[in-house]
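One structure below.
First chain written, first letter: the chains are A, B, C and D, and each begins at residue 1.
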Amino acid sequence: MYQDVILDHYKNPHGRGLREGDAEVHHVNPTCGDEITLRVRYEGETIADVSYEGQGCSISQASASVLNELLVGKELPAALEVQRTFLELMQSRGQITPDDAMEEVLEDAVAFAGVSKYPARVKCALLSWMAWKDATAQALGEDTVTAGDERP
Amino acid sequence: MTDGRPVAGVPLDTEAIRKDFPILDRTVHDGKRLVYLDNAASSQKPRQVLDAMSDYYERHHANVHRGVHVLAEEATALYEGARDKVARFVNAPSRDEVIFTKNASESINLVANMLGLADEPYRVDSGTEIVITEMEHHSNIVPWQLLAQRTGAKLKWFGLTDEGRLDLSRIDEVITERTKIVSFVLVSNVLGTLNPVEAIVRRAQEVGALVLIDASQAAPHMPLDVQSLQADFVAFTGHKMCGPTGIGVLWGRQELLEDLPPFLGGGEMIETVTMSASTYAPAPHKFEAGTPPIAQAVGLGAAVDYLTSIGMERIAEHEHALTRYALERLAEVPGLVIVGPTSPEDRGATLSFTLGDIHPHDVGQVLDEQGIAVRVGHHCARPVCLRYGIPATTRASFYLYSTTAEVDALVDGLEYVRGFFG
Amino acid sequence: MTDGRPVAGVPLDTEAIRKDFPILDRTVHDGKRLVYLDNAASSQKPRQVLDAMSDYYERHHANVHRGVHVLAEEATALYEGARDKVARFVNAPSRDEVIFTKNASESINLVANMLGLADEPYRVDSGTEIVITEMEHHSNIVPWQLLAQRTGAKLKWFGLTDEGRLDLSRIDEVITERTKIVSFVLVSNVLGTLNPVEAIVRRAQEVGALVLIDASQAAPHMPLDVQSLQADFVAFTGHKMCGPTGIGVLWGRQELLEDLPPFLGGGEMIETVTMSASTYAPAPHKFEAGTPPIAQAVGLGAAVDYLTSIGMERIAEHEHALTRYALERLAEVPGLVIVGPTSPEDRGATLSFTLGDIHPHDVGQVLDEQGIAVRVGHHCARPVCLRYGIPATTRASFYLYSTTAEVDALVDGLEYVRGFFG
Amino acid sequence: MYQDVILDHYKNPHGRGLREGDAEVHHVNPTCGDEITLRVRYEGETIADVSYEGQGCSISQASASVLNELLVGKELPAALEVQRTFLELMQSRGQITPDDAMEEVLEDAVAFAGVSKYPARVKCALLSWMAWKDATAQALGEDTVTAGDERP
């Protein structure tokens, strides 16, 4: 499960540190004590920044770094698609082998495919993503992040 | 006989089924074949269930939920997999609505305690009322008596008709606007009566009361669908349904489980703890303090697999036919009086009776000497005995492995008892 | 190796002992030999225990206490026989002081709830105080937080020294005339610390407070004598001491068990029931509502037989030697910092540590890939992590079947982890 | 366990019915619903009457009948000796085969030896005896019935 990409992000995290934002959330993974404080800043629908501080394992730290890399600069709908695809992959219990389409959406985040086989670690990988979604809901309103959830 | 799809209408192959239950081979009292008719107290266990637990301990055991090692992950998957199985078995809308307890009694106490600690609109306190029935097992009486004592709420109950059925004639006076919870048994463990859920649930819903159904004697014997019951909570117990001792189930509606406060505190049920305050995990974990009954859940999961492979419909049909036969045969025994419905409609395969003046203890003992295991006494439902003015009953109760030959053995045994004390 | 009388001083034959535990033969991750160092979370089970339970289910199962048939009598004798065994194992003055619960968490919750419902002089209410420590398992924190919330009592605690021991320097200010109950762990499940019982009990007795000792991590590993502890209650759990899941024990002093009110209501715990009022059976039954964990008690009885046949003194010596060795070897690992006492005196065989900046989750996962099972996280004792300013620890914990070769495997594994994340 | 002596006492109980007494007790065997209401009447230390009403199994009924037969007319110390001997026999789990000395003390009550093998029934056999001891304590004072308990 420890792909080089994950280890790289862990050792050299992107965008770590707390900067100004429109909303801040604090999420905890009670099973292991992983914690993240995360802020989002929007310019219209564009994600201007995702800044974070946290402690946790390589998976949770690398995942926050990947999130920052992937989402900053994206429009909200595109970011939500990434988030949903990542969630799908992580909840697949190792059943999904990412295809080209998925790789295009997830970029570095496909490296986490192997983590989905480890139920205890899936939460680590998702911690920052759940925090981001929550912060976005606070910044822009609940319906902005749930709108797409009904898609088939 | 556990291969293939169960087909309703096709009778059970009890001979094959009995081979799955090692204990049924036993002899007692110098070689007498065991005739086990004490299934309402506890059922026997098929090899499939025992094997699942042995395999769990011999290959996969570890504590669940917090481990990153192989055994911990396997144990967690098996434990949570058992929750999935039980959820499917009772057609729960969500697996998170299935709470594992130690037995049905704990399940009921859990609800009683939650309601005593809850906020409005659920809170039971002075000025509110609790409704049960006169045919409840002590486990569905005493928790409510304790709650009433602690909170000042009033405990009310439905009485029984002479035929052994609930007397619902004054239902609107029993269940009122002050009623917070109505808790009743689906199938009585003494009378065998199958109670009319719909009428009670409808009235409870009218006044906004919650409904708890004690399905301890139903889950083992008939298809159980918590959604069609329309109750808020359903409780049952593992050891009566081919599962191990040490595990029970409480199913509860998700919104309720979210709103209600935790009861026992400890490991597993928390989100985060500091010395001064804690927050709680979402249900079901909020209600599962401490290391859960892991192997027992695995065993219960195997039990519901076993029952499902045979088919709950077929089990119900088998027991219904056996009950009809037993009612006919028992009617032949002079002095025998059935306590409970005397026709096979709307009743389970539990038959209580008195035999002239012979005390049930004596009936049971002399039957035992012939290898026939029945239960005697008040069966943890003493108010039923008080209601019918009898000190105790003898109870024969059947299960999927019971046979007409065993009914015949019982009838012969009772004849012998009559001769003995006559 | 379970024949003959155990002789203190003679080292354990771990090779023979390991043959009793089927799971220790398992391989994980493509043939890697399992190195199971997660015993503080749960121990493995010897064949003797599994056989006792299988034999129970295959030959003797029935519900206990109320039956006059052979199986019911055998099951009752086995269940109550297990109570005798446990009573002897902890040197209880009376078998009636041994209550079977579902786990240690329930045992502690039982006491907390009894005290909230009790009459004077035991009653915990506003104006009274509860004392615990900062090294408790959540199961000995949350029940007291809940009790404090429900009653208005004040929750206080002993802090920890930098060395991982209780800071008793202000004991007279922590335990005061207002203190009703002092509840503390005998051996910490994170730090391994063995706590000084006498000093705490003496002060508690001075002010008339009750004492509950959480012996969950002690009962499996050392001789336990409830009389010499001089506590009022002692709690422990079956699955950590070679027994099955689904059973715990609460020992309590007889006079207290007589005086204190019941907690859960139901079958088995009553003397007589009418619809309007009930009276309760004497202890221990008063506190055992519903069908008890029968097979699990039988398994726990077999577990204490097994442990006794080896000898608790010898097990303690074995683990002590192993701890000494492990502390030495772990000191060689660069960046490794023990959280808890660093010398083998007054500590159990549980070693928590941090490894540089590498998160315990990662340590545990990479160890697991090598077949080494340790636990990572806050081990249900988050305040300990908060106290030492760390998010989590990696914990290796030993038992009677652990070997120096396994300690070596751990040290090698940690070297590999360092290389991996270095 | 159903000795003829027991069946005889069951079918033709001695001294059944409630008559005047110095004290009355009501004892219940919760495991089976056996109940007894029992009165004692003393003339000095002599047991003038033991009267009772109850419902229960053959064992509990026969045992009350045997009690009446054995104790009425006895002096308290002798009666206590019978009671203690009967208790010892019943708690023997089938391990004691009554010898001549025991038979002399227990007379018809030795027939209950077989019952001691059945834990669930021991309480039935003891119900009336416990009730008698309790009633005597009420009539004459607690110490009159416990005095002998410390004997070796």
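One rule holds in what follows: a residue touches a chain if its C-beta (ideal position, glycine included) is under 8 Å from a C-beta of that chain, and two chains touch if they have at least 3 such contacts.
Just so it is clear, the structure is predicted and the values come from calculations on it, not from any experiment.
The set of chains touching chain A and also touching chain C is given as B.
Each chain's centre was taken as the mean of its CA atoms, and the one lying most distant from chain C is D. Remark: chain B and chain C have CA centroids separated by 31 Å (rounded to whole angstrom).
Chain A and chain B have CA centres that are 45 Å apart.
Work out the mean CA point of chain A and of chain D, and you get 78 Å between them. Among the residues of chain A, those touching two or more other chains are numbered 31-32, 118, 121. Touching two or more other chains at once are residues 66-68, 72, 270, 272, 361, 365, 376-377, 382 of chain B. For chain D in complex with chain C, the residues that touch the partner chain are 28, 30-32, 118-121. Listing the residues of chain B that touch chain D in their complex gives 359-362, 365-366, 376-378, 382, 385, 391-392, 420-421.
Residues 22-23, 26, 28-29, 34, 36, 38, 41-42, 44-45, 50, 53-54, 57-63, 66-72, 102-106, 108-109, 112, 117, 134, 137-139, 141-143, 145-146, 150, 155, 157, 237, 239, 244-248, 262, 264-270, 272-278, 289-296, 361, 364-365, 367-368, 372-377, 379-380, 382-383, 386 of chain B are the ones that touch chain C when the two sit in their complex. Across the complex, chain A meets chain C through its residues 1-2, 7, 10, 31-35, 55-59, 61, 118, 121, 124. Across the interface of their complex, chain D is touched by residues 65-68, 72-73, 76-77, 270-272, 281 of chain C.
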